[in-house]
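To keep things simple, chains are lettered A, B, C and D as they appear, and every chain counts its residues starting from 1.
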Amino acid sequence: MMDADDSKMDGPKPADSAEASAPASAARRTLLIGAVATSAVVSIRPALAQTAGSVLNCKIPVPERGKGMFIDPAGKLVTPDTPGAFPPSPRDFTGEEVRQALQGRNLPGTTREQSQAYLNYIRKLQNGQSGFTCYASLQMPRR
Amino acid sequence: MRHACFITVGPARFRIGSDWRAPIDQLRALYSDYPMDEVVPDFTVRLQSTSALRRYVRPQVAIAGDFMLPDAVPLPLEQGLLAAEMAMNLQMALGWRRHLLLHASAVSRHGRAVVMTGVSGAGKSTLSALLAERGWRFLGDEFVLLDPDTGNIAPFPRPISLKNAAIAAVEQEVDDDTRFGPVMRDTPKGTIRHLRPRAEWVEQMARETRPALLLFPRFGYPRAVRRMDEAESFVRLTQASTNYVALGDRGFDALTGFVRSVPACAIDYADGEEGAELVERLWSEQGVRAAAA
Amino acid sequence: MTDGWSVARALTDPASVAGLNADQWTRLLAAARALSLIGTLAEILADQPLPDHVSRVLADVRLSNQTGLRQALWEAECARMALADYPGRVVLLKGTAFAAAALDAARGRSIGDLDILVARDALDQVEALLLQARWEWVKPDPYDDAYYRQWMHELPPLIHAERDRMIDVHHTILPLTARPRPDAAALLANARALPSGLYTLSPADMICHAAAHLIADGDLSGGMRNLWDIDRLVRQFVEEDAGFAQKLEERAKLHHLHDAVARALRLAYRLFGTPAIWPIRPGTADALFLRRITAVDGWGRKTRKLTRQGFYIRSHLLRMPPAMLARHLWTKWRKGHRSQL
Amino acid sequence: MAELSFAALPDHALKRVRLGGLEAIYHAPSGITHLLAEPVPDLLDALGTIGAGRFATPRELLGQMAEHFDIQGDDPAEPPELVLGERLAELAALGLVESRRQA
């Protein structure tokens, strides 16, 4: 079955291949094609919201309004009886507060652990959820 | 709407409508040097009350217009000017297609521009303001418009939005008090005060310039300079652009062309003075290299 | 003439814009944007002599149209690849379908999420394949999830982890709670194959779907664009098939959407002069519908609040029997959800 | 067992620009930009040499690439054509190469 396409391989361009291996690039190279190569493609994501959010006064509810769910340390939404989970934040956070928290400060009115849990929730926001556009606006790459 | 004005900045024309008089009056003052003809605008901006009652009682300005975003919080009427600025920025960010839009500031000298990009608070706005008071031409502190056909920068010299500590720093540099807008305290970004660009920069805003140096400044860190390679500049700029994806292959050509033709550095600096000095130094090194080439 | 009507006029009689002054242009463009018809207007006016600045604004819009079209078609292609191992029919709906079939209705149309229709008993398999191809759930809320699965005509929306684009997987074209019950199996059976291996609804079913969307399902907030779809589809299908009116009649009856289609055709006729392929009889409340549909001013603001509120409640009533509506609103309310207009 | 074979896209579908040690690639059908590191540009080149739309199996491609490259996976015990097939399938999922199932 692997021969099926061999005929196609014949026709093409042995001449071209010969050219491709012309003197300048004659040195053989080692090509690593293992699992490490999986990360050899980075797709650029749209940053449409970024400046938009940063120039706008925006807010991020934690969690989305009306969910009635608690937030576990990993930022996942869980039922209120889950041990170690935090209650919803009574107020929305502004983009600026979240930006500072991402740099190490606590979100206002929260303990260290609570702040981390909320931030983990915010990091998981997806397009379409309240606060996503705002969060996306804080996502300029830093070094 | 009850109150309205038209403002042209660089290649973009805005129509701003408001339920209240005050924000329009403030805009007219801040933009007194800009063309204000009633032309067919690129964008319509609306500053509207959140409800009929809220027009009068503790009025809140909702930001609306041709392009809108969820999550936008209304601002108190005292910050109506800020709301207008935000709304205009939003229209550009979401709707502009004639240029590749970079979230960056820029100044130029002898027709060659330094582009400075970074997150809010990185100091790009303050740096551009300081440099502009020291002999550079101010091209814009919010958006840099890169022409996909020519690779040039179209100036977009909006009033400079100074924040917090930067206000005092720049006030020291500027003699002419009438160039400052009202002080707005307790905004979502702290205290904000606008600085009107000099009339000559506004008069020259149709004149494009050639980009010569790309900087990624970062304020409040010990002084450091790092060369940035093309690929990293490219990725960072895709994330600093609100319309890169929307422009399709034109955006790709413009941005790859830009990072391949313009040297780039990340710079850290402790204060504005040091930042301005660093930019001057990199600029002259760049100039030497350009002249030698 | 309200600004909604000016948009309709510019679309149906492009030459009529010749006499507009700057203020009229300004209002027209703002209203068209608010009605999500600026893309269409830009294509329709592409060959008209226009004032310089208007022409630049509309050229930008046409660029955005290209981007939108490319993204929509690529999402469809991604869904096709993801569902390659699903043996049943995958039917594209709405804007993506118009674009994939290169229909006139696609010209300049804004296209949002990708909507597809599959057989109801295949939902689990389709869902699994999409999850495997890196689509993820948007809503983590169990109530919403259960509500969707039990009563809506679609899976809860999925979003692609990398491309940030949503897909709505439908198994019929109206919620199961709505009174008309379209024949989902017939929709699939009559679907037309595209070269890619994906499908679109048959022409008559496309109109039934658009009408269902406009009349039976929606709060009319996108009404004008919906009617424009219907106008373009009708004009094209009538030209291609002399027996189209008759076929539409049969399909509309089959799907219990005869009234909805009749209303949509009447409204399109009044607004856009769509060919009257069915006899036009005056319908009750048509005037009210048109008031709602054209309710936008020259600043792009939705006007006529009362009419709109009425239509919002109506959209809920149509989707659910009253007792269920009460239960739904109660659950939403208890959870602090504030429905937005 | 069904095996995938792969082909390069037509020239107009991709724009490729070298940026330092990496390559930026614009994929016209999707409008998505990717940044590629080694070995991806070489894989695309190799498929391109065979010709747009001409399908080759990983083994065939491997044979051709062996002229210029020493190909290495993570584990010498793994058949290289299998590893190469995985890489190519990843590129196909992004639309950067075409794939089809062999009979």
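The working rule: a contact is a pair of C-beta atoms (placed from the backbone, for glycine too) under 8 Å apart; a residue touches a chain by one contact, two chains touch by 3 or more.
Everything quoted here is computed from the prediction, not taken from an experiment.
With A-B and B-C as the two chain pairs, more C-beta contacts join A-B.
With centres computed from Cα atoms alone, the innermost chain of the structure is A. Averaging Cα coordinates per chain places chain A and chain B 27 Å apart. In whole angstrom, the spacing between the mean C-alpha positions of chain B and chain C is 38.
Between chain A and chain D, the centres computed from C-alpha atoms are 25 Å apart.
Chain C has its Cα centroid 31 Å from the Cα centroid of chain A. Residue numbers of chain C whose C-beta contacts span two or more other chains: 67, 70, 163.
Across the assembly, chain B contributes 235, 238, 244-246, 248 as residues in contact with two or more other chains.
The set of chain D residues that touch two or more partner chains comprises 31-33, 35.
Contacts between chains leave no pair untouched here, as each chain touches all the others. Note for the complex: chain B touches chain D at residues 229-231, 234-235, 238, 244-245, 248-249, 252-253, 256, 259-260. Residues of chain D touching chain A in their complex: 3, 5, 32-40, 42-43, 45, 49-51, 54-57, 59-60, 63-65, 67-75, 80, 83-84, 87, 90-91, 94, 96, 102-103. Contacts from chain C toward chain A in the complex involve residues 136, 138-141, 157, 159, 162-164, 166, 332, 335-338.
Put simply, chain A touches chain B in their complex at residues 42, 44, 46-60, 94-96, 99, 130-134, 138-143.
Against chain C, in their complex, chain D makes its touches with residues 29-32, 93, 95.
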